[in-house]
Each structure stands twice: as structure tokens, then as C-alpha cells.
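After the C-alpha cells below, expect a handful of questions from me.
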């Protein structure tokens, strides 16, 4: 597997030359290189993957030395991402991810699933994945989130994935996982934010429905978009049938987004994503 | 070519039997039949196309006789639709439609083009289509629309197509062409209503952009949707490049919508379209 | 749930009138009606779904009485289809279908899975679905198929689904399940028939790859196509990465095809399918 | 506009460092950089675009000096490509390209159109583009191609585009324009090579049809693929309707392919294309 270097800094001439120079000196076996300059913000982004051993701390220091002082340099050794899922009652995203985790279709492992209903406990058990019921019944939103927080702390996951978790999170909570919490929203955002997007889509009479995977921010449904796709519908579809038709798009869009994130291909910048596929 | 029968009425048992009975008695050569029942509104829609001669007034009367009293029965003999386009400065939809009109790719003919700038006059002249400049400079919106109205009256078109006409129409004006005026909006509505949708899309960082063809109503960008499609974009796209990438989707979506409309396949109901492809 | 009437016969005037007349007399609550005439073969196809009770044998007799003597009339009461899967080593289609079966996402139930390797036994066990290993090692193709045949006879399934079953079946075997055995082929047929389609696609340098679900006939990869879809690739994709990218298309295309088949929406005619969605 | 550097050579460590070093010394304003290594052939490809002035011969020499001896280095100053089209009777691709040329939607200019029928002469005249009729009637294929050759020589085009030119070219002729002649084939190759692909598609009962833009080689329909796309069809489509439905895909796929080629984003290697979008 590959080690990934992610660099983000203000753009200036010669960055690629300086960076590749250091990699060349170390005779690293570079497998892929991608760069992008966001001209609106004069921001430089680069992803380099290499195979082989190398003192990461030293490499990082040498890179920092030739880059602008405020450069971000992440060097990520190959590792399966440890993930906890939050779910409610819908099984299609959870089921798809459980299979991908068990068969290593994606470089991640589901450490545990937290649900606010028992509906999906059985499915997790089938895959020998711990399921923690944290009901929101009769307690405040804050208390509920504190309980989820404690459970998450027990696992220290790299990422938290909202696999059709149907409760709104407080800014306070989502702030703790900025850039590490991904949600699947069942519409092609920014269309149909908020509740019941398929009912909204039906009422509007749209001819396409879709799904959007995005990082969770304190602004509901406004986080940086990672992946989107759509499927065509027509007058024959009831709101319920639209919801059914949307499930496959949801699970595939979420999986595609997680692939990009878990392979360290995604940069976050100014509420947008730069993704090196 | 085919004659098309369009029937809309409250649903009740036996409608198809009664309708097809009349067609059978007349030994009409029926080529296609489609029905749909909107259960939310208990509304029945049927489209029948047939080849051959038949007293249309009589046929209509016989159909009315067996249908609920408030049934709508349209019988449309084969005819090329007479269309006037409204444009501003962008050429891609106009150019595409001029070619389709000249070569009869769609069952329509462009009678004339009205523009509020001279930019596209030359293109119309190349196709020997009358171009009427009606500038909005220095006059009120109402006066401008009155002038357009007068020009349209001179042609009595079956349909008015807003082929990237970039001015907002008053409810008063659009009301005159309810169900007969089609607009192409450069976003996958209801996302990015109003001005500069591509800039909005860029600012939001979406991964898909699209286009929507819809009937114009007094509610801006809220009319019944006929056709939509999308194209994928990524962080490499500037707002300007998104706009460029969207042009082809716009022209194809508009052409597809017009095909459905001009072939009398579209029913309007409760701000939605029922389309029998 | 709905009862489905499927009618196929030579076309003649008045068929719809006669058929709907019988349904009207019985005051059946018809939910959907679709007709299609294959003009090349002058063949009429109709699907009617209704809710409510009715003497099926009688209804069938009455319909036959008004239809051409060689008409096919199937009346299918609502029922979950009983299905047996054949698999080899790949898990993505099997896993997707196991989840859809367990949660009744499709109107079917997986009675058992037959594999020629043990690879997928564990996954079936997780879903408490019987797995039968029938290895092809050291026996003739005919003997192997006889063993599969015997196992299938024990379940008497409505349909047999080849969910990435990687062995070629003899015409003798496939003939037994004509119209009841569906295969997923990992290319957009007729491109890349036979073995290693992704390697073929890579070697040819295509920019799209796809999948095709089709009924199995005695002619390898030439059976009637039910459903197809594609996904874009580029020069970055190795043959292996194309295969990986294709897995999701394969499982979704297969699921979409099975939905059409299990909802009795598919007619077979002259090596083609007529599908009333 | 940008100058584009295209480099292709055997891969070795440090290439990017050496190349960017030279660009850095010259303080060129690099706008985009893309690299790709074809591991199967250990071949390195790089595209760099920059704005500003620079002695191209000198830059080329300096780059050659640090690259493997057999490296290909093309430095292409900004320029509108000069193109000649070959057509037969179908207007949809020609019309689309005439508009794009007139309005500079793509960085190309149509110098002339050569047709083997007069059908499209009028359309060219509307756009004031010279049309040359070179009929194939009563002469040998070789004689016909010689006449086309002479006409092409008169224009010395950068590229020749077969915009629905329905005659097969001899290897001898196509060899003269290797990498400079693009064809649009009306199927998703390699499906339905040869004549009447839509009839073939209809006969096979496919659920998708498509188009493929590719470089022309001496092997009919086997040249390197640049761009492909598809559109869904169903049992309602006759072969003729499939052909009609395919026209829009054909013209958009061809336009997208030409955009990549005319922007110097396409590398040819081992009958495949590497495209830096």
C-alpha cells in the first residue's frame, strides 16, 4: 500500500519543483502526483503517493523547510481507517457498508454502529459489528449527544459516518468532527434541504432525484460536498417510490465519497472539496 | 403523421373501455395508447394516437358523451407547430433550434425570433428567419412586454420558447401563454433559482450542474418541469467553465422538452407534467 | 399487493376494448395498464395490474374467449418469488441481494445459494441462507450440472439467478430454465462477450464500461437483454481498477433487472424483452 | 491564451523535478500541470500549460537536455486549429460544429467542408464555409481519395474531422493523417462495428445506444477512443427512432472529443489515448 503526502499552502512559483526535488533526493518510488491551484484564493494543493520506507518526521520537516511557513503537510502511512457509523432505521447504506468493510472493498473497518433505534441491531450482529443503542427518547438533544460522544470516545474513530442518521446534530457536536464526519443527504443539494426531500421532490414534480455526500458542518446540509449523483424519475413515481428509487443512489454516492476520503484524496477548503481522483 | 387525442378527467372505472370502444367502432388505426391515473388527485389522463381520417368534431362529441361532464378532450391533427423564440445574447440554444427547424428534426417551425439585443440577428438571418429587435433600454418593463406582445400577435404562434431570454417576465405577460411558453433554466431546479445559477453552483461547490426546461408561470422558476438533465463537474471548473459546460445540457434538455411538447405528449396538472414518451 | 395479468397475442383492432370490457364488468380495481404493439411482428402485449379478489380461472377463460386463439394469458397472484442463486467467488452481487431479500426490498426470497467454491459460504450463513457447495473439480461439466440440477429440483425455485457465476452452462442445462434464469454479464453487451471483459475493455481503451443483465439462453451472452448501465473510466484505470469500478454497476443493474422480472413487468419475444416499467 | 507543453518519454525517477526546474528558472507562469505514468509500458506523459513569452526553441532544447534521449517534446503556442470536415448527408454533427466554429465555442475554425453528396452544401453556404463536392460516383475508391487528398492539400489543415462521413477510407489514406483525423462512430464501440449500428442495436435489443469519437487508423472502427457516451432506449424504439435518438449523443461526443484534441490534452499511445481534462 501507499503512503500519501498532502500539502496545502499559498501558491508561489516553484513549489512543485521544490517538493519533487526532496522526493527525488530520497529516491522515493512516487506512484501518483496531483496538483491544483485555486486561483480565487491563490491556494496550492498537492497530493503525492509513494511506496517504500522513509523517515516520515524527517520528510515532513524537509518539506516544511522549502514551503511557505503556513503550509499544511500531512504524511499519512497506509492504514485502514477506523470508522464508527451513526444510523437510525434505514438499512440500505448500513448494509452496503457492512459488506464493503467485511470484504475490504474500501480501506476502512467499521468499529461500531450507534443507533437511536434498535431496528438495525440485528444486521450489525450478523456482521459481528458492535451495535450501541442510544435512544433519544425522553432526554434533551444535548444529553443524547453527550452519550453518543462518550461512546465515540471509547472508539476514537478516524471518521464518523452518518449512514442515514435522521437526527439533526448541534453545531457544538458537529464542530468536534470537522472534516472527519460525513453525511449522506437524500437529495441533489442544494435542492430540498431539510426534512422529507423526496416529498419535496414529488411536490415540485422534478424529473431527476439524487443524493449528496458531504462533510458535516455546523450549518445543516450546507457542508462541503464530496460526491453527488442523480437518477431519473417521472410522473409515475409517488413520493414513496421516489424514496425507494433513491436508495441505491444514496448508498453508491456515500460509498464513492468514502472511497475518496479514506484514500486521502480529499482536501477541504473554504467550504468546498478538492478531490484528486 | 398521426392525429393525437388527449383526454383528462376525474378517474372512474371503465374509462379506457368506453374510450377504446368508440375508437374501435370507427375502426381507427390506433398506433399508441397511454394512460395514467394520478391517484393523489383521482385524475385520469389518456393519450391516443391514430392514423387515418375521421370527423374530429364528431369523434370529440362521442368521446365527451361517455366521459365525465368536466372531461377535457383535445384532438390534434398532425401539424407542424408554429413557434416564436425569445432570445438575448447566448447563441447555443438558438443555433441548435434553428438547425432542428430547418431540417425538421422536430415537428416545429421557427416563425420568428425576438431579441432584446442585436447579438443574434446575424445568426437568424443566416437561416432566413425574421429577427425582431425589441430593446428594453429606456422603457418600462410593461412597455417592453407590450411591444413583444404586439410582435407575437402578428405571428399568432402555437408556442413561445424562451431560448436563453434573460429578462424576467411579469405575471401579467406569462399568464397570456400559460401552457404555451417554455423556458430553459440553467440549473437543476429547484436548485439555484434566480440569477447567475452557475456562480451559485460554483460558490456552493456542487459536483453536478444541470438544466431544466419548464412551462412559464407567473411564479419565476417555479413552473411545471418538463425535462431535466445534469453533467458532472469538479474543483477544476471555474464558474465560467461551469457555464460553458452547461451549455450543451441546456440545449439538449430544451430540445428534448420541445419534442415532448410538440408531439402532444405533455399534460399539465397541478403545477406538474404528465409526459407519455 | 397486486395481481398481474400478462397478455401476448397477434395484434388486431379492439383488443384493449375487449380486455378492459371484461375487467370493467367484474368491477376490478385496475391500478395500472400498459400496452405495446411490436409492429415488426404484429404482436400485441398488455400488462394489467389490479387489486382485489376475483376467480382467476374464470377471468382467464373469459379473456381467452375474446382473444385470438393463440393468445398467452398469464394471471399472476401477488407472491414473493422463490429464488436460488448460483455464485462462484465474487461477493458484491450476492451481498447486495442477500440484504434486499432479508429486508424485502424486492418481492423475492433467496431460498438457497449454490456455489462451486466455498468462498461465499460464510456470507450466506450470516444471512441464514442455505449454501450448497457443488465443486466442479474432477468431474465432467455434465456431471456438475446434473448435481446442480438435483439441488435446484429440491427447491423448485421460480427463478435462478447467476450472481457472478463464472462457469459456462451447457445449452442442455440453460434450456431447462428458459425465461426463468437471469445472468449479470460484466460488460455493456454485445461488447466484450466471453471471458475477462474488463481486460478486453482495458486493452481496447474504452472510456465507458458497463454491465448487462439478461435472460440465459443456449447462446452464451446472447440472451434477451433486460437492463444495462455504464460508468465512465479513463486512462488512469488499470484492468483491475475497471473491474472494481464495475462492481457497483453490476449489482445495481442486476437488482434493477430482477425488480422488473419479479414484478412481472417483462415479456420475452424474439430474443428481446418488452418491459413495462 | 496558453502555450502547451506535451512531453512523452520512458519513465524514470526525477522527471517532474527536472522539468519543473527548467520552468521555474524561466519564471514561467504555469497554469496547469498533469502527469501520468503508464506502468504497463513504463511510459511517462506530462502536459504543462503556461502563460507568457518564452523562446520556445530554447525551452524545447533545455527540456530535451534533461529528458531521456528518445523523449517527445511538443511545445504548442496558442492558436486556433484549422480544420476540414468530411461529410456525407447527415447534418446534425456538421450543423453543431459550424455554430461552434462561427462563435468560437471551441478553439478551431472550419476552413472547408468536403462532401460526397450535395445535400449539405446549402448549410455550409449559410455559414460562408467553402463546400467542395467530391462525388464517388463512377470512380475507384483510390481515385476518389486522391481527389479528396488534393483538396485537403489545398488547405493544409491541422485536423481532418469525419462528421458522419459514411465511406470507408483505405489504410493508405488514413495513414496520412494518423493522429490528426477524428471520426464519430454511431455506437459505443467496440459494439456494433461496421455498417448500420442502430439496426444492429435494434436487432440485438440493447437498452442503451451510444457514440464513440476516435482517431482514424488503418483498422476500421479500431482506432484509439477519445470520448464515448450513451443514451437509454427501450422496446418502444424502432431502429429508425434509435438512430434519431442517437444523433444528439453523436454530436455532443464529437464536440467533447474535439475540445480535448484542440486544447492539446490528448496523447496517443499504443492504440489508446491519455487525456488530461
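Each chain carries a letter (A, B, C and D) given by its place in the written order, and its residues are counted from 1.
As a working rule, contacts are C-beta pairs under 8 Å (C-beta built on N, C-alpha and C of every residue); 3 or more make two chains touch, one makes a residue touch a chain.
Owing to the predicted nature of the structure, the values given are computational and were not obtained by experimental measurement.
**Q** If we look at chain B and chain D, which chains touch each of them?
**A** The common neighbours are A, C.
**Q** Which chain pair is joined by more contacting C-beta pairs, A-B or B-C?
**A** Higher contact count goes to A-B.
**Q** Measure off the straight-line distance from the CA centroid of chain B to the CA centroid of chain C, and report it in whole Å.
**A** Taking the average C-alpha coordinate of chain B and of chain C, the gap between them is 38 Å.
**Q** How many angstrom between the C-alpha centroids of chain B and chain A?
**A** Once rounded, the distance between the two centres reads 40 Å.
**Q** Of all the residues in chain B, which ones touch at least 2 other chains?
**A** 236
**Q** Okay, in this complex, where on chain B does chain D touch?
**A** 91-92, 95-96, 99, 102-103, 105, 123, 126-127, 236, 244, 247-248, 252, 255, 277
**Q** Mind pulling up the chain B residues that touch chain C in the complex?
**A** 13-14, 16-17, 20-21, 23-24, 27, 29-30, 33, 35, 37
**Q** Enumerate the contact residues on chain C facing chain D in the complex.
**A** 36, 38-40, 188-192, 204-208, 210, 224-230, 234-236, 238, 271-275
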